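Two complexes follow with chain A in common, the first pairing it with chain B and the second with chain C.
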Partner chain A sequence: MTTAVEHHDVGPVRQGLPPPPGGLRRVLYPGFLRAAWMTPLFFGIGSAIVVLCRWWGGWHPIWFGEIIVLVGALIAAPIGFLAGIGAFDYWVRYSIGAPTEPEDHSGHGAYSWRDYFRVNTDHKVIGMQYLATTIFFFLAGGLLAMLVRAELAKPGMQFFDNQTYNGLFSVHASLMIFLFVIPAFAGLANFVVPLMLGAPDMAFPRLNALSYWLLPIAGIMMLSSFLVPGGAFASGWTGYAPLSVHQPLGTIFFNMGVQWAGASSIMTALNFLVTIITMRAPGMTFWRMPLLVWANFTTSLLVVIATPFIAGSQFFVMFDRVMHTHFFDVGGGGYPLGYQHIFWFYSHPAVYIMMLPGFGIASEVISVFSRKPIFGYRLMALSLMAILVLGFSVWAHHMFVSGMAPWLRVPMMITTLMIAVPTGIKVFSWLATIWEGKINFATPMLWAVGFVSMFVIGGLSGIYLGAVPIDIHVSDTYFVVAHIHYVLFGGSLFTIFAGIYYWFPKMTGHQYNEKLGKLHFWLTFIGFNLTFFPMHLIGTQGMPRRVSDYAPQFGNWNLFISVASFFLGASTIVFLYNMVISMRRGAPAEANPWRALTLEWQVSSPPPVFNFDEIPQVVGNPYEYGVPGARHAVLNGDRAATETEEVRH
Partner chain B sequence: MRRGSIVQLIVIGVLAGAIASAVALIPDWLPSSASREAGRIDFVFWFVTGICIFVFSIVTAVIVYAVWKFRVKPDDDSDGPPIHGHTGLEIVWTAIPALLVTAIAIVSAIVLAKDDAAGANPLRVNVYAQQFFWSYGYPGYRNKLSSVLRLPVNRSVVLTMHARDVIHSFWVPEFRQKQDLVPGIHATLHITPDKVGTYPVICTELCGFGHGLMRSRVVVMDSTAFEKWAEKKGTS
Partner chain C sequence: MSAHAEAHHGPPIANHSSRVNASILGMLLFIASEIMLFGAFFTAYFFVRVVNGIPWPQPPFELPVFVAGVNTAILVTSSFTMHWALQSIKRGNRAGLQAGLLLTFLMGLVFLLTQAREYSRVGFAPHDGAFGTIFYCLTGLHGAHVFIGLSILLFMTIRAFRGHFSPEQHHGVEIGGIYWHFVDVMWIVVYSTVYLL
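Now for the complex of A and B:
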């Protein structure tokens, strides 16, 4: 770290990459042009391997579409794309003994919009790439939800046939989970965590770039499944076997999309873990880390431990389909419930992967905008760890009616209900933090307080679902749909918005439009409740989920919900408009518009390419609002002042 | 805290509780109940609802009060009081939720055990599910097959699940009971219908393109009518 900083002092850093060479050599230069020929080349190589193997093994037909799509299009072509844009250049050069690019950090920073469209190793650029990409898939997933609600506005069939409808909600959920909530948090953390730690970048910048570029691949794969014969994958984002084994071709787009998104997620999580463990600035002990860093630390542990399980479950489904294994085929000695156990062993912790970073954002925002220290800082950090541990012991509460061993239900109910305790600690501590504070209801704070209130409702409906007898009645009904949206929309999405507004000045160097931000909050808050609260009611009354047609008695409520959901969808336009105009024409942002103590606000907005001219010295806790003379860190320039202060002590 | 603000806080809490209670009581949250299990499950539902209204009222009172009273004045740049924590308070809000969820767990476990225990001499019925229809077999009546589930009132029934292709799920909202049918697994579900009538059978596990249409009916009849029907030869 120190050597890198000294290295900069020696010579001036080039402003961005050199311009690409002209003529034929340009085709070999990393970028989209090279990707444009390497992607089909790799597709060809993948297909050739399939054809050769089938010919050699004497399997007919030799030219078998499904396997060629899988190996050629879903495995080899993405690798070709990654190689083409240059994600592997450094490693390939190094491993074949060729001279590597001198590490002059010219890959860092973004000097024009083009720099966002290449393999960039700057964590701040990668953070922005993540956010732009995830917001794109958020819009795509949201539009799919609008189509779902259009179909459900009236009983009977309106616009789609059943299989298409099943595809709509399956892709909606998959995009929102794998391409929006999880990576949007990773994007925010990518930008913020190294700054908060006082580090110049993530521990592995090239790995960081690779993790990002896997995401668009996963997203395009899931979306493009609509275009293949048979339509998109249609067995829900849960993809229960054996149904998912016998679905049309689109299913393998989901199986493989999850692999790419999961690989991205695991690599980022490893990167965060190493960064947080090894790259904290001097004086930044674990107990001085901001809670956002704590939250990403626990989330990363969850990702690293749990994600291989969903990767496994999707591989097994795919193997049953293409290699005729019998993981989930009873006739061949398989065990269908095995899928659910493996799947939920990831997908329940995944709920916390989608929530803990939001807890971190809420803690930052609530403390800063209440001008008070976070209440019970250590218990807040410890409750994250408690959720991490308990989160691995509750997966079968998704399976109370699944036909698993009946004795498992009561122990899983107890662990499930126990999670209410650390979650309750967090909620009460946030409330105690705003208590007697000097609350400034700027947009980020509105989202954060909105989050707390909505998350309480989501948590309480979770208690209903945790209690086995009630769960037996409401499982797989709209009550569950209401619950997950209160948790993932009212929880995760609200905190993502809180984070985007909170760090917008830091990321872009411009202030967002406060009026539009507040308007966006209120429209979303009202639309959200009108859309999702009635779903509790129709669920307990007897409307199952994942159906395109329903009993006429639910007609009025469904029409109401559909209208409300269009209103909710339209509220996103205010957000997009605000982002676009503020990024271009917003007032220049100060370094620290919120008067926050954490390190990211102690540098300019946007931060310099290498974050800190000098590694900061951390001297205190991050939330000492109202404590006279308290400091979190000392940056260059202030050092003389502190030294005299220390002498005085 | 001043006495006046405690009163205000309580008033907001009571108001929030009243609104939440109205939301809980005015619409018909649960379909009519047609089995003994339903009565017990509804008890758990309202027990949890009571606890949830209590928690919701407290949280809402604190949020509304804070939003109302602790708003900063536009030109006030000062910080709030530097309170870092309060161990006693933290113990209280760890212990009370722990007690509440323990109560819920105990009530749930008792109800679950009661619902799982079939009475003496239960009627046995096989439930068969395949894409996308239901059928029912009566092993006690020469394996009589029916596309409508007919059950006698006030007699304990044990349903044994048979899935012929993919996973389905058997649900009768009026019985409040649900059980997945998984290929290779013959789970059982216990029901004691206690009201004569016709109720929907709904598949609640996504089972393919026809999932939304996979419906059937359960007819609860008095026991003599049931016996007469069951003894009749042939399928119906």
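Now for the complex of A and C:
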């Protein structure tokens, strides 16, 4: 493992990869052509290993479909694909001690659209790859949600049987969580964090490229589980054992998909941590880092520490299934509740993995569009750390009705309610930042303010659910569905949209259409509330979640919710249309359209291939808006934005 | 998605805002993540052995404590030879680096083969109750890490024999070495909890 940073100043710069050789040698050239034969080759190798092992061990049948699928299709074939597109080329050469070629940066930057479809080491290209991929899976997951709502539009069975319905909402949740919210934040941060730090790239650009390419693998794996016999995995995104152990084949697509997505996020997190610690520009102390960087720092710590636990939990389910072990099998001495403990020890911190980067985006946007310094900067950073620490001590609040040790309930309730304190600090700091500011309600600000209001509702219902008596009453009802969507849709998704609109000019070099952006916000905001707010009501009345059929008394509300959800789904079309036409025909963006002080806005839009001509010198805090003469950094002698004289109210 | 502006020069040299080397920090964070993965497996161990209170080892099965103890000694020794290899290249002693890496690799290989032999003779399988499950999964997880460590050692050895590494450039050895020490320390934890306790 070497850093490219150390090689950065060797060799001439080459723009883009050399053209592929002609003739037969072309099939050896890294790319999709090589992947097209290496993927089946590795599938064959994986299957051969399985067959040989079973033959040698005397197990029958020697050709056992389930294990072939697991080892051949879900482990070996993706490795073959990654090797084919060239994700491992450098490391293979390094490992066998071949002379390392001087870095010519040919794998860096994008000079044509083709450069987005190969292993690219440029953090900006990787950020775009992340965003495009995650938006694709967002649409896929959204369409699945539409199917779920279609089935629920009236009582009785409409379109699907129970197993298919369970598969629909399971894949919907898994795609949204593992393939949209978590990696979309990683994508935005990939683009922005090195720029904000004044770094030319991430610390490990090749690792960064690899962690992106693991993502489509995980997503395709989860989606393709619809095609296998027995249908998609159907035990929810939580995949509780022992139920998930005895589900059809699709379950191992979930088990392995989570491993690939998890490996991707661990590698990215590790990369962020090393970048933030070792590559800050001179003068950028931890207390001068923008809050988005702080947010990604804490999130990455959470990812590195917590994600291995979901890896473990999915390994156990898989072993129980294919090796007939007894992790969760009472008859064999196993401990079924163990799954939930191990799973939630990851998945509760995962809630913060899905939220803290959003906090960072909201802090950036609210400060810039209120033209005021962020209120309580240090407390904003420290509350992130407090959430990180407390986040590890609350997992069993998901298990109040699971039959776990009763003494665990009250401590978990107390720590859960305590998390409201750092979260409240953040909410009040945002409000205090907006207070008496010169507010500009451009699209990013609308999303950020929408986020604060929706997140407060989600946070309040979270406090209800954290209290044991209320949780017992509304457990497994639509109240929980309402809560999670207020937190993850009204929280995470709104901040992702805020971030996409905020950095759209920087990423593409074009300005998005402001009218369409506002229209998108209002359609989504209204559709979102019409869809999810009534769920609180039917939840407290006892409408159970995860069912395809329900009592007729909930029929009217469900029809209302379904219609509202189609409206909400349709609002996405405005977003896509805006993105596509603005990217092609939008007005050219200035370097700093929002008059922001942070470093990413001090370079051209889109930024140059290596971000900076020379590393900037950081001289002040990042949020001194409205403070005359304040500056965050000095670039190339003297080009950085200075906050102009502004009259503050 | 328009193309980025043309570059006529390489990237500026990044500022080093920490005294810690980036690759070493990366490896340490990766190890933190690995420790948590072992943590998940040890949590399963805790649930089975402490919460469920099954007898350990579960009769009629027995664990080969002595053979595994010898194996432990081999793995611990390999950590010392690894350290010797690193110290050698720091002083510019290439022969010491090569011998140290080779010895470390061989001892790791002996450890892994001994464990494979132990599996075939131990008398129970992963599906023989939760005891067998936990035994195989904890030692197997560790074995997988030994395998990864051995691969890294193999690459380091190849590079050492092909003339790479020098007193100034030895991060490759240092980082691989950190991983190997981690594998070693983890085995001491696994051995104490699974075999001795």
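Just so it is clear, the second predicted complex is superposed on the first by the 623 of 649 C-alpha atoms of A that agree within 3 Å, B and C clash if a C-alpha of one lies under 4 Å from a C-alpha of the other, contacts with A are read in each partner's own complex, and residues count from 1 in each chain.
Just so we're on the same page, a contact is a pair of C-beta atoms (placed from the backbone, for glycine too) under 8 Å apart; a residue touches a chain by one contact, two chains touch by 3 or more.
Everything numeric in this text was worked out from a predicted model, so none of it was measured.
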item: Chain B versus chain C as contact partner of A:Ile96, first or second or both or neither; value: second
item: Chain B versus chain C as contact partner of A:Gly127, first or second or both or neither; value: neither
item: Contacts of A:Val627 with chain B and chain C, given as first, second, both or neither; value: first
item: Contacts of A:Asn440 with chain B and chain C, given as first, second, both or neither; value: first
item: Touching partner for A:Gly257 - first (chain B), second (chain C), both, neither; value: neither
item: Touched partner set for A:Tyr335, first chain B, second chain C, both or neither; value: both
item: Contact residues of chain A, present in both the chain B and the chain C interface; value: 335, 337
item: Touch list for chain A against partner chain C, complex; value: 1-3, 5, 8-9, 11, 13, 15, 94-97, 105, 109-113, 116, 122, 124, 128, 198-201, 203-204, 207, 266, 270-271, 273-274, 277-282, 284, 304-309, 311-313, 315-316, 319, 323-327, 329, 332-335, 337-338, 341-342, 345, 508-510, 583, 604, 606-615
item: In the complex, chain C residues that touch chain A; value: 1-18, 20-23, 25-27, 29-30, 32-34, 36-37, 39-41, 43-44, 47-48, 51-52, 54, 58, 126-127, 129-133, 136-137, 155, 158-159, 161-162, 164, 171-172, 175
item: Residue numbers on chain A that touch chain B, as the complex places them; value: 161-163, 166, 234-236, 240, 242-243, 246, 330, 335-337, 370-373, 375-379, 401-403, 406, 409-410, 413-414, 417-418, 420-421, 424-425, 427-429, 431-432, 434-441, 449, 452-453, 456-457, 460, 463-464, 466-470, 472-473, 475-477, 537, 540-542, 544-551, 595, 624-627, 630
item: Chain A-touching residues of chain B, taken from the complex the two chains share; value: 27-31, 40-41, 44-45, 48, 51-52, 55-56, 59-60, 62-63, 66-67, 70-72, 76-86, 89-90, 93-94, 97-98, 101-102, 104-105, 107-109, 111-112, 115-116, 161, 165-167, 169, 171, 173, 176-185, 187, 200, 202-213
